[in-house]
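Take this structure, written in structure tokens, and hold onto it; I'll ask about it next.
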Amino acid sequence: MTDKLSAERPWPRNAWYVACTSAELAEKPLGRTICGERMVFYRGHEGQVAALEDFCPHRGAPLSLGFLRDGHLVCGYHGLAMACTGHAESMPGQRVRNFPPIAAFPVIERYGFIWVWPGDRAAADPAKLHHLPWAESDGWAYGGGLFHIACDYRLMIDNLMDLTHETYVHASSIGQREIDEAPVSTRVEGEEVVTSRTMPAVSAPPFWRMALRCAGLPEDEPVDRWQICRFSLPSHVMIEVGVALQGQGGHDADPAVKASSIVVDFITPETEHSHWYFWGMARQFAVDDPAVTDAIREGQGRIFSEDLAMLEEQQRNLLLRPDRRLLKLNIDAGGVRSRMMIERAIAGERGHETVAAQ
Amino acid sequence: MTDKLSAERPWPRNAWYVACTSAELAEKPLGRTICGERMVFYRGHEGQVAALEDFCPHRGAPLSLGFLRDGHLVCGYHGLAMACTGHAESMPGQRVRNFPPIAAFPVIERYGFIWVWPGDRAAADPAKLHHLPWAESDGWAYGGGLFHIACDYRLMIDNLMDLTHETYVHASSIGQREIDEAPVSTRVEGEEVVTSRTMPAVSAPPFWRMALRCAGLPEDEPVDRWQICRFSLPSHVMIEVGVALQGQGGHDADPAVKASSIVVDFITPETEHSHWYFWGMARQFAVDDPAVTDAIREGQGRIFSEDLAMLEEQQRNLLLRPDRRLLKLNIDAGGVRSRMMIERAIAGERGHETVAAQ
Amino acid sequence: MTDKLSAERPWPRNAWYVACTSAELAEKPLGRTICGERMVFYRGHEGQVAALEDFCPHRGAPLSLGFLRDGHLVCGYHGLAMACTGHAESMPGQRVRNFPPIAAFPVIERYGFIWVWPGDRAAADPAKLHHLPWAESDGWAYGGGLFHIACDYRLMIDNLMDLTHETYVHASSIGQREIDEAPVSTRVEGEEVVTSRTMPAVSAPPFWRMALRCAGLPEDEPVDRWQICRFSLPSHVMIEVGVALQGQGGHDADPAVKASSIVVDFITPETEHSHWYFWGMARQFAVDDPAVTDAIREGQGRIFSEDLAMLEEQQRNLLLRPDRRLLKLNIDAGGVRSRMMIERAIAGERGHETVAAQ
């Protein structure tokens, strides 16, 4: 199959990507392009999630315009019913046994997300799905959202692996002068790129004042603040962030004197120049208060939307000047190393393909 | 003349296409691209319809932005007046005798439509215009509309030559289970591709209940239903549809016990990936009641708009996967044979061009 | 630097173009593409205007999304501060000495406009900036506006150097039959192309009736009307227009018996197929009455917006038929000669580049 969308692939294919949230998959099928493939997601037998090519083998209609019947996805054009294996199941008045199958993508529902493996089916290993301990614990609460952003997903990884930009892009919420004054440290820990920064004895910016209030802590006292960004393949960035009352140990302080959370970022390529950005926050304070979840989601959504214009315009600039070299400063090391990890993964897949083709 | 729009032509050029309705051509010229040619349609001397290239030979302004004066089309930029032959007629302060002519397209006004012949002028034969007996008879009433659809006109022909899709796309109006359960028969009758289906002893779907009411017939009794789709070159599909009270002879039943009509479809290519869809219904019941015409037009417009998303998304899918082979099932035979007839017509024109070029 | 936008340049680069008005440049930087270059304009030290490439040398973000601090333009992404020379000035925690500079464009603020020189910095000569005597005199008033138009800037020059179109495009305001009946005279005067037309003893069209009223003159008497269009490089068109009471000398009549003004047109290329159109009117009547300025601006804006559809559709037609030759009539001589002057300027620059490259 040649496919215009996936002709060039600046992403690893053999990996679990977040395709949608569980809540997005209700009674109707959902069409979404992931890693250059038009896919349709739906709940089949007993609510089991399935993902197929969004292309009816009969006449090419998108299956996502169809409907579900007895656990099968039925094309809304002429009624071809598909099994979740990608094989035609039935069609009124037709023998479908010899219909060509379409691609079925391995898919897992876990942690409130639907994860898809766009690459080789045989290589899809559930054990490789990113583990989210907070999503399995009653001691945490989570809220989040989804943005469609018209830029290369790697620009978003750069963005999240260098939080210096908070001082500028998010000046009124989480940015503060001390961020870009604090030195950043970048290292590889196992299969993660980690870039971290600590800001001792600072005044909490507005977002963290809110969090301190929620945690029942004073918001006007000096705090030690930290940011630990963790990139892992294919394109997940988990950022441990928080503030502790000054001198209590910062990141390692007793939970009673700190407000902390994990900024959760799943960055799923759509096409070469666009991606789906699943963002959210997992927190350990006020976990039973849905009003706090809503307030944080609202605030976080507002903050992340500030990045949109910058990223999309940066993308336009880069497309207009493809030959221009960008700088790689120390603050960019997190993004640079993450991209190297991505490149290695892609090269590894290519090597594997070469071997397989011989 | 090289012309980007008409560089590739997946349609016959030497044929009469519906360009617009008579009602669309009032006092102002109308610009419309037909078969890849930007054309301007207008009423010249004594209301006679004319069609020219929509390109002023002076500076390339679209003549459709101009106006009519004394039966000539005057360019709205600098006042060049064109004759309906494509020759410049006059221009203030200029001798226009040596101005290069632009293309003039043969055009006929008949049956309430303006028909244009985009191909060789010399070959334009009024006798080849599709005959519409119902349009000349007082025993019929007609109402219709126009959609612009962003897909290859042949996808619309496929759509109309296989009404199986009614069960799925139009489930709430004319679709019913029995359609895709009834076998379809496809044959070539002279210069027509005919595909037909009969559904004996079914319950009438909502649209036909309405028609039965209009015809003064009971709407809750079982009926024999039929659909006879007739394709003819270049891209017309006339569909005889109706229901008769059960056991009275179906399509051939006495007019007093049936409600029937002709779904009229003129499918005019605009570009390779878009077309003008003139749809309507000619009926033999309640012919003097304009309220019925309006109700049918409203219902038919709603039904056909259900096809739009499906066809445009099907087109997007096909463009993304140009190498994918589609299936040709028995239900697709109507479309497949119609396309073969189109291909032969195009090949015939190419052969003729080759001869002419030697 | 290779740059997709400026790969083909149908405009002289070594010239002063109007980039924006002084009023457009307040506290925030302004991003605007001029002659294929994405530029950012801002007021630096002591309000001095500067223009840089709109491309942060760090990661390619548009500097126009940034802000001003102490006279430096600060990137809104990671805080790199740029000097107006195009050199990096400072960045928190970084040594910027070796950062690659970006292009800085020569810029002058004069006559209420910001003028930019997109070409060779060394060749930028303030003396070459178009002189506008009326802008320095208390005897004149000026008002104007800005349109973004999706067509080649040269189509606008054609438009303005042949006012025959007023009869057709602006029939209800400044157009009148006598315009295209009056012979046009075109000549080159020094570095200007001049095309002029006089219409003796005509009735004033609506716009000029308004001007006559403003000037305290009778609006219903016959007038002598004139239009003198002056093109100068790179793309300025100044049009002396006016009416005088009949037989008083026309253009040379005593100011007491005439209403006259200069239609001011700065036509700045954005890309090959779009431009910025700075239009306005400088007048010698009612100079102290801002209500007249507003009324003229409103009327002129309405008139010029009538040209938009025509020019943009003309552009579409020309792009679809690139091989079609246009006519060059006597009325087109102004545009034709202006284009020749532009071609010579471009050829001169190319010759210069060839020499410089040896």
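Order as written gives the chain letters A, B and C; numbering starts at 1 within each chain.
Please note the rule applied: contacts are C-beta pairs under 8 Å (C-beta built on N, C-alpha and C of every residue); 3 or more make two chains touch, one makes a residue touch a chain.
Everything quoted here is computed from the prediction, not taken from an experiment.
Of all residue numbers that take part in the contact between subunit B and subunit C, under half occur on both sides, making this a different-residue interface. In this entry, subunit A maps onto subunit B through a rotation of 120 degrees when their C-alpha atoms are superposed, rounded to the nearest 5.
Put simply, the C-alpha centre of subunit B and that of subunit C have 47 angstrom between them. Within subunit C, not a single residue touches two or more of the remaining chains.
Partner subunit C is touched in their complex by these residues of subunit B: 1-5, 38, 54-55, 57-62, 65-66, 74-79, 91-94, 99-100.
Those residues of subunit A whose C-beta lies close enough to touch subunit C in the complex are 158, 162, 164-165, 167-169, 180-181, 183, 309-310, 313-314, 316-327, 329-332.
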